[in-house]
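Labels A, B, C and D are assigned to the chains in the order they are written; within every chain, residues are numbered from 1.
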Amino acid sequence: MSSIKKVVLAYSGGLDTSVIVKWLQETYNCEVVTFTADIGQGEEVAPARAKAEALGVKEIYIDDLREEFVRDFVFPMFRANTIYEGEYLLGTSIARPLISKRLIEIANETGADAISHGATGKGNDQVRFELGAYALKPGIQVIAPWREWDLTSRETLMDYCEKHNIPVDFSNKKKKSPYSMDANLLHISYEGGVLEDPWTEAEDDMWRWSVSPENAPNEPTYVDLTFEKGDIVAIDGERLSPATVLEKLNKLGGDNGIGRLDIVENRYVGMKSRGCYETPGGSIILKAHRAIESITLDREVAHLKDSLMPKYAEIIYNGYWWSPERKMLQTAIDESQEPVNGDVRVKLYKGAVHVIGRRSADSLFDEKVATFEDDAGAYDQKDAEGFIKLNALRMRIAASKGRNLL
Amino acid sequence: MSSIKKVVLAYSGGLDTSVIVKWLQETYNCEVVTFTADIGQGEEVAPARAKAEALGVKEIYIDDLREEFVRDFVFPMFRANTIYEGEYLLGTSIARPLISKRLIEIANETGADAISHGATGKGNDQVRFELGAYALKPGIQVIAPWREWDLTSRETLMDYCEKHNIPVDFSNKKKKSPYSMDANLLHISYEGGVLEDPWTEAEDDMWRWSVSPENAPNEPTYVDLTFEKGDIVAIDGERLSPATVLEKLNKLGGDNGIGRLDIVENRYVGMKSRGCYETPGGSIILKAHRAIESITLDREVAHLKDSLMPKYAEIIYNGYWWSPERKMLQTAIDESQEPVNGDVRVKLYKGAVHVIGRRSADSLFDEKVATFEDDAGAYDQKDAEGFIKLNALRMRIAASKGRNLL
Amino acid sequence: MSSIKKVVLAYSGGLDTSVIVKWLQETYNCEVVTFTADIGQGEEVAPARAKAEALGVKEIYIDDLREEFVRDFVFPMFRANTIYEGEYLLGTSIARPLISKRLIEIANETGADAISHGATGKGNDQVRFELGAYALKPGIQVIAPWREWDLTSRETLMDYCEKHNIPVDFSNKKKKSPYSMDANLLHISYEGGVLEDPWTEAEDDMWRWSVSPENAPNEPTYVDLTFEKGDIVAIDGERLSPATVLEKLNKLGGDNGIGRLDIVENRYVGMKSRGCYETPGGSIILKAHRAIESITLDREVAHLKDSLMPKYAEIIYNGYWWSPERKMLQTAIDESQEPVNGDVRVKLYKGAVHVIGRRSADSLFDEKVATFEDDAGAYDQKDAEGFIKLNALRMRIAASKGRNLL
Amino acid sequence: MSSIKKVVLAYSGGLDTSVIVKWLQETYNCEVVTFTADIGQGEEVAPARAKAEALGVKEIYIDDLREEFVRDFVFPMFRANTIYEGEYLLGTSIARPLISKRLIEIANETGADAISHGATGKGNDQVRFELGAYALKPGIQVIAPWREWDLTSRETLMDYCEKHNIPVDFSNKKKKSPYSMDANLLHISYEGGVLEDPWTEAEDDMWRWSVSPENAPNEPTYVDLTFEKGDIVAIDGERLSPATVLEKLNKLGGDNGIGRLDIVENRYVGMKSRGCYETPGGSIILKAHRAIESITLDREVAHLKDSLMPKYAEIIYNGYWWSPERKMLQTAIDESQEPVNGDVRVKLYKGAVHVIGRRSADSLFDEKVATFEDDAGAYDQKDAEGFIKLNALRMRIAASKGRNLL
């Protein structure tokens, strides 16, 4: 057992991380600093203070990180139209690097020599927490209790609570979700339980943020979104902060049954896992961002972004936000967003986002050229012949030399 | 004027291509062979025979290509989860290479020295037709009347009809769509008219194949799709031919308001253009194919496919179906589809496709490993520590040498 | 014939572009502005003034662009380790955008409405000149005499000279190279003549800048190169300007028979062509730059750069230096070069560049970790087991479910 | 300690793996099967039998795998022009999957439940051996002594030998290289010793296969290489087996000082390491293969291959030869090689390979089109105008709307 004096724990205030506080104190005979963040998970963070105090914690950090989360993590990611494996909007992945960063900052402030977290040894989150921590403070030690301890069943955990006088909120326990869940301002995720059979449909009462499409209003909702440099800065003309934008879009999306997703994804640790996600606001941003780019981005820039996106998504999913390769890609992505300004009108209706209009002072859409009507010479159709002939030349030569494509 | 003896024309039977028949005969003093194909555009092709005969055409080809279209073009494309610019399912693009192929086959059969088509000089379709033709028969000549003639306004065209006794169906003309449209079994497209302002919402009566989400049934429709090697071979357990699969999915999708798309895209000839598309069946296939791949494809194969897809989509969009690079990519894509077998259950509801289950005898989903419950040693959580530590090593070294990622 | 009042011509002072001056004056009845640049082609540019005056040109621009050429074009390109088709260092391609830029600047200064150049209609250079011009000044007109006139044989050209009193330097003509050549500070190229048969070896007296490896010194030459942010700033400890760096490396390389290349490349206009190139300094820079990156770049950044390089090379080769996609990629490449500082020692010997040492204050090479000797705990070998096991997990699951890779 | 009954060891017959035999027998109390392969490392494999017998081994496998190695591993890899990090020809990497495959085949034949190897816990080879083994037999156990035992210094190892009567050949020991070396038919590698300082030049007497360029003949050697489907099948007209091709090219290259490489590379396990490599034959194959492709491959296929190559190289370097993603890429690469047939003439001289000619019945080089002379209408220069204009259109529109690229 390495000698650790002080450890900063990502502390939710829930039962599992409360057990971890005690277990760290006991196992490592070290001081525990708790860090609890509001990243929009929808639960009060204030009660974490009293709980931590009750566990004997002396240094307690409780931060509201919602604006930083959206401004410095969520928005930069959406500039790339990021989707993992064609479907997943990376709602869990994108929150981890912010937690890592704060854990390390607090370790620096408090002189801690280790960090700890409550993520399982089977998942991606341990990787994301730890890669970030190592990248920002290479000498840090990491304690991952779920990989170390023997409290691996609910029973042993309960025994441990009883033995150590950790209060278990049984009323809460009863309504405990059968799913493993994670939430932040971008999404809420569900894993485990009946979802472990990928053929079984998710039960409707699992979903928490959105109504079902069937229960959404019968009238569509129209929303205007204003972009500046690729980020949404106003909704229906009202200028809002990043976190407020996402909160409002979550409400609008959730009310219209938008953003439910049910997928099987490939974890970085090598297994497939089934997850259900609610990302109401994110689903709207993705569609709208593509739409504003469609009139403001150059074609080749757009295609280059599309070709880089899967790599960028993989980097974030795998936990390499804090890496030089993410930084390099981000530089390019951000550079491309300079002209991504303007308005997109979307229609939200029973589970779907429909883009119905887009406009921009930076539009590259040229009606004079594009028109089916008389274009007054803006485009010379005869140019097309040479364009086609030379583009075909390599294949004409090949065919004339006997190459056969059929 | 090059001396052309016989030209094969892609002939729809409509007014524009009827004018082209006459104009070719007159301008090039050559024989015209007409070729009319049923690729599921939803209009009778039989009447084209009488119309062509009336124009003095002696060699008339009328083909039902629906099965070949879906089997050899649509399905191979969907194996790659192909989307252009994040949105467009390439409904028009994928039909062109089949037409090119038949034009060239007919030119070979009839001894024609040229082909002709009715595509405008501003669009992508001229490129697709002609690249295909040149690739398959390098010495072929191409006549693109819209790039050559001066019948560029509706008035001059009508004058030409009157002068040459080409019958204009005025009843038809009245109900003529204000949009430039193209249809085949995969989709129907709309361009021009009010759509030329990308801020203007498409009118609801423009759409032809689908009901609006608002008018779709209040009850969802559940459908089971069976895949073999990446292609759908059965719907709700009933084995169907490729074209029948797509027809049935178009019906199911259209009835549920699925597959409407409104985008601004970047044409290969260099301009942005606004298009609206209905692709009911294709929208279902795309989601379902990703779902069956999610349990049957290896992670790295899936990611490799995702990284190749934008290039593959660009190749098809730009008209290079008949190219060695498409063939090379197709070989890889097809190889990957060997294990893509199994069933996907989708729920169709008011404009959206929701995947709710997937299963396969070739599934790589391993419940024993993935479970949150006791996995009986299938996965050793302690392995994660080394995995993370070595993945972090390069960044730990960099940080210890002073590199800063913040 | 469009009405053109004034045209800026890229004027070498040679016979061909002198004919173009006269032909432009006569054909377009317009004023001609000549622009002659020293980009290190190794010929005096001063005489171009008298020649232009003799042809009645009133506005004459003669610029020394060597420093700008290397600093803003050659060096940025080498930051990406750019090679086209695995071999070609893009010596011609990289000079064209600078010429385009100056043509447009001069057009703006002189109020010209057109530019002109002496590039053939079969090559890449016309594309590079014109794409650059259109990108920087969209309304500019371009006159490409070789695509328009009928002076396509040496005889008709000579007749034209005689008729218009254009002096032909017959002494020069006699020793005229049988090759089509192009030179600048980065390279000299040879095409045509006996090279048109790709099986025929280039004659040794064709090469101008380098001795043959056989005739190079029997003793190797050692050189130390100092990099800052990816660019060479000093040779053997002596700080030099960009152009001086390249001049000196050309001398060192050429003296040692370095940088000769004989390839068949794929032109953007669709044909294959055989070219021979001498790039002595560039060949040294490429090897040395990779070497300094090898100790200062993060692995994933290096791999990302490698994966982007073919695209970046294609962009430059095809003439899209002045494009938003090149700018986007350049931003990422330049960002990566921040830590690319240090020294590389190369040995030059009879046609080859050997890297024999590299060092840097920004080195990420960690002898403590890498050593085969006792590393005092810097690296825990036991971490490798978990690393391998989890990286193998997806394949172990697949194999256990019957997938066969043999 | 897991209960292992029988283990197959990759056995070189050298001291280290002899110690491993004993250590495995003693530590795991299990039977050891030795497997020794001739993959062209240049040492006799026959003596391994007596040595193994002396150690009490009952099942002894000694295989000549040279032809399989070149035919099924080296040649397929060179079809992709594979280079890792711009320099390394993957000589070590490509031999490992063959060893893995044989280890597993022998495990299957002998009923062994484990494999073992002598690779260190810091390097790539452990990863390559083990990933391959797991991919081919998921239940196999792996014993990596260097990660487990405490014989980590030369002294403890010698003590162990003495204690267990393992004969140490002291005469051999004296001339023992100060480098860690690995050899096979493709290359020989050197690491460690003075090379651990990347600024220190390798000593000339380190190199074993090649003369120094300085000591190479003063006259160049010309060689003609014949390719079929991307592989060399004949040298100077003489048809040879794959291994014989490589042996002969190693001799020709080594005699001319070709194929020495000195680099710092990024290991998969996260550290940088300095390695020197001799790859005489491989260096010739790479240049010649690019040359034959230059006249037989379509441009876009060639560029697609170039864009895939870094990924393919990374896959092999990291040890994923036996993976579905390598198989998918290989399918595409192999498909592209169908027309890669013909002859390449190279000149070998004092450390460099110069391509001087290439010809093919499948050549796409079209002299009629490419010529600077009169092409008799094979190419219409006027086509270039439209080609350029439409390729410039997106940038002309952007510039006309105020976008600035400077």
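Just a few scattered comments:
Criterion: a residue touches a chain if its C-beta (ideal position, glycine included) is under 8 Å from a C-beta of that chain, and two chains touch if they have at least 3 such contacts.
Since this is a predicted model, take the numbers as computed values, not measurements.
Remark: among chain pairs C-D and B-D, C-D carries the greater number of C-beta contacts. Annotation, subunit B versus subunit C: rotation angle of 180 degrees from the Cα superposition, expressed as a multiple of 5. One finds 40 Å separating the Cα centroids of subunit A and subunit D. Averaging C-alpha coordinates per chain places the centre of subunit C 31 Å away from that of subunit D. Centre-to-centre, using mean CA coordinates, subunit B is 42 Å away from subunit D.
Shown for subunit D are the residues that touch two or more other chains, namely 266, 269-271, 298-300, 311, 323-324, 327, 363-364, 366, 369, 379, 382, 384-385, 387, 389-395, 397-398, 400, 403. Contacts from subunit B toward subunit A in the complex involve residues 81, 85-87, 101, 120-122, 126-127, 130-131, 134-139, 142, 144, 146-147, 152-153, 180, 191-192, 196-202, 213-214, 218, 220, 260, 262-266, 269-274, 290-291, 294-295, 299, 302-303, 306-307, 310-311, 314, 322-324, 327, 343, 345, 349-352, 354-359, 363-367, 369-372, 374, 379, 381-382, 384-385, 387-389, 391-392, 395-400, 403, 405-406. Per the touch definition, subunit A reaches subunit D in the complex via residues 298-300, 339, 362-364, 366, 369, 379-380, 382-387, 389-391, 393-395, 397-398, 400-401, 403. By the touch criterion given at the top, residues 266, 269-271, 298, 300-301, 304, 311, 320, 323-325, 327-329, 331-332, 335-336, 390-394, 397 of subunit D touch subunit B in their complex.
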